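Scrolling down, you'll hit the structures one after another.
Same chain, two partners: chain A is paired with chain B first, then with chain C.
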Partner chain A sequence: MVRDIILSINDLHIDYYTPDGVIRAVRGVSIELCKGESLCIVGESGSGKSTIGLATIRALPQNAVITRGAILYNDIDILKLSEEEMSKRVRGKEISIVFQDPAAMFNPLFTVGEILLDVIATHLGIRDRRKAYEYGINMLKLVELPDPERVVNSYPHELSGGMLQRVAIAVALSANPKLLIADEPTTMLDVTIQAQILDLLKRLRNELSLSMIFITHNLGVAAEVCNRIMVLYAGTLFEEGYTEDILTNPIHPYTRRLLECIPRAGRRVSRLKFIPGTLPDLRTPIPGCPFAPRCEYTTDICRKTPPPIYEVGYKHKVSCHLYQKR
Partner chain B sequence: MPINREYIVKRAISLIFVVLGVIVITFIITRVIPARPELLWAGPHATIEQIERARRELHLDKPIHIQLWYYFTDLFTGNWGISWRTRMPILPSILGALPATLELVVFAFILAIAIGIPLGISAAIRRGSSVDNIIRIFSVSGASTPVFWLALLLQLVLCNWLGLLPAAKRVDEYIVLSTGFRPITGFYIIDSLIQGNMLVFIDVVKRIFLPAIVLSLYPMCLSIRMTRALTLEVLSELHVRSSIAWGIPRNRVLYRYVLKNVLAPVIASLGLSFGYTVVGAFMVEIIFVWPGIGYYTAMSLLSYDYPAIIGCIIFVAILYSIINTIVDLIHAIIDPRVKL
Partner chain C sequence: MLLNILNLKMYFPIKKGIFGRVVGYVKAVDDITFSVNLNEVYSLVGESGSGKSTVARCILKLYEPTSGRILFEGRDVTYARGRELLEYRMKIQAVFQNPYLSLNPRMRIIDIVAEPILEHMDVDKADAYRIALELLEKVGLSDELTRRYPSSLSGGQAQRVAIARAIALKPKLVVLDEPTSALDVSLQAQILNLLEDLYNEYRMSYLLISHDLSVVRYISDRVGVMYLGKLVEESYTENLFENPLHPYTQALISAVPEPDATRSKLSKRIVLPGEPPSAISPPSGCRLNPRCPHAMDICRREEPPIIEIEKGHTVSCWLYTKA
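So, the complex of A and B:
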């Protein structure tokens, strides 16, 4: 089965320069995404998942430096394009993004319509305001917003979080990108709205044959939308595979613990489970497996050498010393 | 742009209270100064009877609350009294001096905004570079430079030593007389343009330049610092990143979107600095012999000219309140979230 690879990230390393030292946020992550596929990057806060999303669209903060690696989108090297080429050819047009905080995504002094129409005019070259307006209204209808004529003239503070997230999706998709990066798009929404947004994203993905990278800390959400899951910890890959494989046959101890943490109806528990401990300090070098201090199966080798990546099934990779002899 | 009427009404009511408060406070202050105005009114070599008559004419023999009552009633009927110094009605004198000051202050604010905001933005987008450092040093030293010192220094260097610009006055009388220039609005730049009188226009611009630069220094440095800080703050907000990530070119994000976020608070703070600028204008107008309100007020102060002092202060307070109200309304237009 040969499928076109739309995005391939090779051995990506990203550092943040802060007054307190250099934070090595991403430590050698590789991703391959096929057309029409949706990949979920799961990890705790600080695991580097958002950083990868931002790097893909070259919107990292100024203190972030990509020290190694390559990001190829349809064989275009994203990291070698100039800033103007990125804006003109890639951002919004090929790759687009929606962020976590819907209210903060929009400039408070402009109506959401001004931004939507600006993106439409920039990318599609529609100079006629009436045509751009009609196109914008159609985009808002596509994301199932009621009363789009009112929404388009509203300021961000006049709309709810769920509505704003829909508008953000409409803006992000208005120039027909092929790849959508959704950086925790439901984290800040009510649970009922979360489900609606997830349904919307699934529908749009099928209708527009989008490829998608979905970034979340919630394995339950990941299972809902994506056909592949990638578990990230401290900027390194822990486990990657098809959603069913990960959910039914999690291999890495961390993935197993994560799955145990999802609260489920019908399972009687007195209190929610959690993984004791925190992420390691990313400013210091980590000699072995970054999960070693929190893992219940830690041996000496875990503390000393970083685990290699083992293939444990069809497109199912895991990075853990426990599987050395299999 | 839907500005709600309630907002305007509330602003107007607070304006009235500010003005009433100022009237009372200035009245009390001038009565506390240890000076005997009836002596000034009667003039030198006055006899005791003349001084007594002056006391009665000025109602200085009445209790102080009666004096205040007289002042209130006169103020609201437009009778701001006669200046003890010039023997001229005060309100017309102030109104006659107003255009000179307004022209100077407006020119200074235009300079401050036109130079301050671009400098602040360029410092912010080159944060940490040598350009940023130079602009920051300039803004700190500029904001802490005394106005009178800078005025004298510039006069000395540019006018006395180099002879580049005239040192004082609004316009050269000789050019006015020889070209038949007549003031219409009192704003000489506008007047000379209306009459197509280029000689006067050039002279007026040359003469307004120095005092305006001196006067603009503080608001300019204030706007540099505000703009720089606000631009850095806004640039770190998510909406900047998302706009860029959606493909809007970086420069347009900066100059169309970020600029508007920066402008609203900068304009608000410039409105507040207007009071400081008017005080600065007092000294600048004396040094540059500029026949504006500042000059008039300073002269009144020096000769214990009570009615004129109170008149000037009330006038400036009203002007200040009106300008701040206007600034608030502008802020409300720029920022749709502003509601009182």
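So, the complex of A and C:
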């Protein structure tokens, strides 16, 4: 069975130019996402996960440069589109994004309704205010906001974090995109509210047959929402596979360690394992595996050559010299 | 018992108009009683707005409580002043969430740790710096880092400095207010292990303030669960997590996403509808009643009493009153 690929990212490299030097944030990441699939990009800070998300909607900051690679959305190279085509045809309409902090995303001077109507008018061309208003209210109902008539006339500061995130999701989905990028959408929320938002995203994904890229640092959240998980470290792919495979049978030493150092609320842990050291300096070239200085299995080859990607199971890939076929 | 908190209330007035007329109160902490024993890790867990940090600040005497008493080693320190306050402050230290905000950016690491030693202990400068250096080594910071400024340290390293400073005077109690919330999991594990080692070595007590139930389960001996300014349940850690009684505790524990492939399918998640109401006008009766799946008539009318279910396990819920 050949499944339609909605997004394919090939060998993406992204650098940030800063006064302190060039930060090589993404170092050759490839992603394939099928229609209706949800993929989770998991990594700690500095892994480049958010940079990939921003690159996909071409919203990288000014100082970022895509040095190599291609991002194909339905076989269109997004990186080659003009800014006008991008904002008219792709952003919002095809690919949408939800960020970590919804309060920072909204202009505080506009009501929720004004923001929502603006998106509906530009992307769907509904100029009739009453129709647009009705559409907006329906969007707010879709994200299960209580009392949408009141919310529509509220300013962002009048709503709580959880409610604002629901509004942000409504805005992101109002032009019927096919692909939703969720960049840490629940990180700033309390756990009980986080549970609500995760349930909402899962429901919407099924109902609207959305494809989704979910970016998070929390493996627990990843386990809840996604079919597939991709583990990033220092801008490189370490391991990728189905959620169950990654959680029950992690192969890369980093993934294994990462899972072991998470304390659990569901069971007793006597002593946490931890990963010694810190993330490498992303300004310096990393000749071998970026995890080599912190890894317990490091050999000479790890320090010298970057590991290739090995297929270790059904759609289970790992980038580690340990799995070299002899 | 080391620390006793008796009927603590902290109301913040809401002022309006040019004359600062008081129009209401934010009842951040509303009648809370608990205690921390010697050599114990006690955790207060709750979501934002539950009042857990306010409790910590009252204990640290950063706020003066509206009413209630704080007893430390049997002595009332609620309104301690002058010499008494100074002595209290030597025995109680704090580590906050953001080390960059709690460390003076214009002081070198070594000076930050040596300062309390010079101030409070009867030692000369050379000795103070020697002790400071030992402490920094103990928390895992290399020698060369000690001459740097906080801004050049990573989050994990800066938090280690904050911990070294907190234990410098060998306090009886360290208040940890979300000490690992700003850190990545791999660093969080390092810091939690360090805290555990120091706890075993120095035989002190911790009061941990956290929203993260997995951290709480890992490190604490006893846990108190807060919701909207009230302590709704309290028990020994294992008891609380294996047998949560209060509907809020049950929902809270079940809402934690965990990286286990099997878990999400096995246990059903309890989702509380809506969001916590405002602490300015909390609902009458039990504060959870508008969101609680088991809410009864009495829950809306009267505040539930605190009921001891088994030794050390108390819950404040009408479901457990004997009819």
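Just so we're on the same page, the second predicted complex is superposed on the first by the 317 of 326 C-alpha atoms of A that agree within 3 Å, B and C clash if a C-alpha of one lies under 4 Å from a C-alpha of the other, contacts with A are read in each partner's own complex, and residues count from 1 in each chain.
FYI, contacts are C-beta pairs under 8 Å (C-beta built on N, C-alpha and C of every residue); 3 or more make two chains touch, one makes a residue touch a chain.
Predicted, not measured: the structure shown is a model, and the values here were computed from it.
Shared-chain residue A:36: touches no atom of chain B or chain C.
Judged by the touch definition given at the top, the superposed model places A:107 against chain B, while chain C stays out of reach. Here chain B and chain C are compared by how many residues of chain A each touches, and C touches more. Of the two partner chains, chain B is the only one that A:99 touches; chain C does not reach it.
In the superposition on chain A, contact of A:172 is made with chain B only, not with chain C.
In the superposed model, A:262 makes contact with chain C only, not with chain B.
Chain contact summary for the complex, chain A toward chain C: residues 44-45, 146, 160, 162-163, 190-196, 198-199, 217-224, 243-244, 247-248, 257-259, 261-266, 268-269, 271-276, 278. Those residues of chain C whose C-beta lies close enough to touch chain A in the complex are 47-48, 154, 156, 184-190, 192-193, 196, 211, 213-219, 238, 241, 251-253, 255-261, 263-264, 267, 269, 271-272, 274-275. Every residue of chain B that touches chain A in the complex is listed here, in rising order: 236-250, 252, 256-257, 260-261, 264, 334-337. Of all the residues in chain A, the ones that touch chain B in their complex are 54, 57, 59, 61, 83-84, 87-88, 90-93, 96-97, 99, 101, 104-110, 115, 118-119, 122-123, 155, 157, 168, 171-172, 175.
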